[in-house]
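First chain written, first letter: the chains are A, B, C and D, and each begins at residue 1.
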């Protein structure tokens, strides 16, 4: 009997149709292209977003247990589960816990988050450097990540370290909720007296609420406003990581590694 | 949000459409009538039977993991799982093992087999006594069960004990593969010198291969042939337990108890 | 490095030093003799008895988790755990649950209760028949078991069945708390009008409270008193099963089977 | 009944008696002082070191399963388990796996590694800054950590980030086996043209083989030798983190947090 194989791409989720298309669906397509004999499926982990989509659009999207249960019910026997998470944090821990009951029911191959091994940092840094214009004279790049209390939060410092290591000395990484925060970013900018302009980029798969408000918003406590208040010329790029083909190909690579392991 | 509730009736299975209808489907209907707000679902545990049905009829029936996974996938949150098994034997142990991964995904309420508590034996004995003519003068009833190496096999002796206790002194219970076997039945008959005639009944949910061949077959080692060879007049009733409404109502009662527990 | 091997004999327990010596310690010795290269250890499962012994005598006896933990702590790597339980009931289920966390820490080989497979009933019946005088003319033997609501309770009926099957037609089995109870025993006696005398025996490893009071007590609701009230001459034998070498050797055999499995 | 409480301090281990005393035993003492009503116990996780000590000295030290089993066997009911690990890496994952079977047997309170939350990095950085002389004019500090393929390896970059953030701009962190490695350290030194001298410190609880050989060894591929080859004046401090009271107090604080959680 032929083995039925599926690829389940798991994202936090978004309720913005445009963002869904540009980021999540785009990643799904590129990961799927790497595993052409696997049926593509989608799951979101955010209950709030799933409920919002169901209520507003009458559209049902599976969470992880239901997506895996559906694959079991349909007779799939091998499933590559690739998260679009950046870090090995709480969301990924939760995902592993949700997948655990299915390990006896499926040949389940779990892909790792974007930033797991040392090589992943090099790869993401290079993908960003290939996708974005290098910082010009007097210009800094600041990536805004989400941040977390989970110990995986250390990933942000390593990414900045690697960006410097690869030559982008004026690329900085900060987070909304973790360490380093905006204060640390500001301090690091001030240590670079030649910097006059800052380009802000979200370091999130999806450019959603945090990118639009915390990073680029009109409110006086947005990063943009605070940087302008500190005298910097600021430009904001509202593109999630999922909009960069070079980043999407990293998720595809992770899925392939999981498949071949 | 409204809770979605299902009743999953789990049987060993049969590949005979007629038997399926008269026994398994009949039990399913009666158990379902006791839980009218639960969607009825079917699962079989025998991989051999599932594959035979799929190959022969192109019909897919779920095994337990797929049936439970399907319920999760469809958003059911409460499931009463009622087996049509007679005993707490290997099949039931396997069922419990298969259900275990789903206990975190569903409010799963597991019904017990037909013969679990002392009251169950009284209830089955009474159901049989209500459904069958009492042994006449010089007549014995012999129930043929399946039998197992599992310690639950002791149930057969208790059922015979209870039949005697309730007044049917000439009702005996034997098994094809366990203890007591045919030799013990024959010995017990020979201890009743007034017995001239034997009525054979399967003690199985479905009157299948064992009932048709081991019990009532033309071969010289069938129970019928051996009893006839020993001088008894033999009549065979090829009805599985599932064909008696009084027995079916016991499964319904078990499902209700599981639901209310 | 040499493997350290232990035999852990697990009993419900007793607080009577005499009973401990005659029954439990005697079983332990005989089982131990069958596994001479295993260090012998004891555990009791009854928290009430353990606390009573600790309070009264200042003596600590391990429960199962502590006994197994102690073996891990001392570097034992293979442990044969032999219960002195009669049935696969609640106590044995609890034992299996307590042993489960240790399966990754030890090569744990779990012996079965006295009455598990069909052969076990034959073996126990023969051991009793070898150890006790056969019922004389007009005499019945009644074994009083504990009884339980667990489905394993069916074991009592099978034991009586087997005793009859092996020729002791006037040996009956009843229980204090399960089925068959005293009423069923009395009815079965009344069906044997030739019976004038009853010999009562506990069907318990230890002849403790139930044997001394429920079976042989002076109170009017003891089995002895009720049988005497019904006109039978009654004799009571206050010996637990552990006092019969032939029964003890069955536990030893179970331990050997567990070891060799 | 009074609760028996223990503190189990778990270290990778060392076979050097001097190191054991100065580092591991010193941490144990300080953590123990924070939980004065807990009996102190020791466990090592390195099987190689445990076997070496057993063979050489005839001394047995428990691994984690045996230490926890011993506590169960002795009747302890509450155990604070504090690792002396720096990171949430493979060793800590293994520790959690080994502790898991005991969660049903003990009230087990698991302390976190030295570098878990953002505050931990601040605390360790401050402890180092309080314990060591600040880098002098033209002087850099280089901390050599172990490094790992586990995603927790990102901790090293965050520690360097925090050291800079707190003012020690010329403190660098590298690892023997992970990222950043010596090449990255050397590059960062070369970006600081004013640096002429390097002080090397192990970023390990114990100053063992890595500190003595990979860091400070005479071989030409030691960090010392390579730095000297690159023209730096090098001094090596062969003190493990456990030798700094300020670091030891951090482990004590982690144990208290675990206890109070």
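By definition in this document, a residue touches a chain if its C-beta (ideal position, glycine included) is under 8 Å from a C-beta of that chain, and two chains touch if they have at least 3 such contacts.
What you see is a predicted model, and the numbers here were worked out from it, not measured in a lab.
For A-B, the matching interface among the pairs A-D, C-D or B-C, defined by over half of the contact pairs being the same residue numbers, is C-D.
Note: centroid distance chain A to chain C, computed from Cα atoms, is 63 Å.
Each chain gets a centre from the mean of its Cα atoms; for chain C and chain D, those two points are 54 Å apart. Chain A and chain D have Cα centroids separated by 32 Å.
If the chains shown are joined wherever they touch, the resulting network closes on itself as one ring, and no chain has more or fewer than two partners.
Interface residues of chain D facing chain A in the complex, by the touch rule stated above, are 88, 112, 115-118, 121, 149, 151-158, 160-162, 165, 178-180, 184, 187.
Looking at the complex, you find that chain C touches chain D at residues 62, 65-73, 75, 101-102, 104-105.
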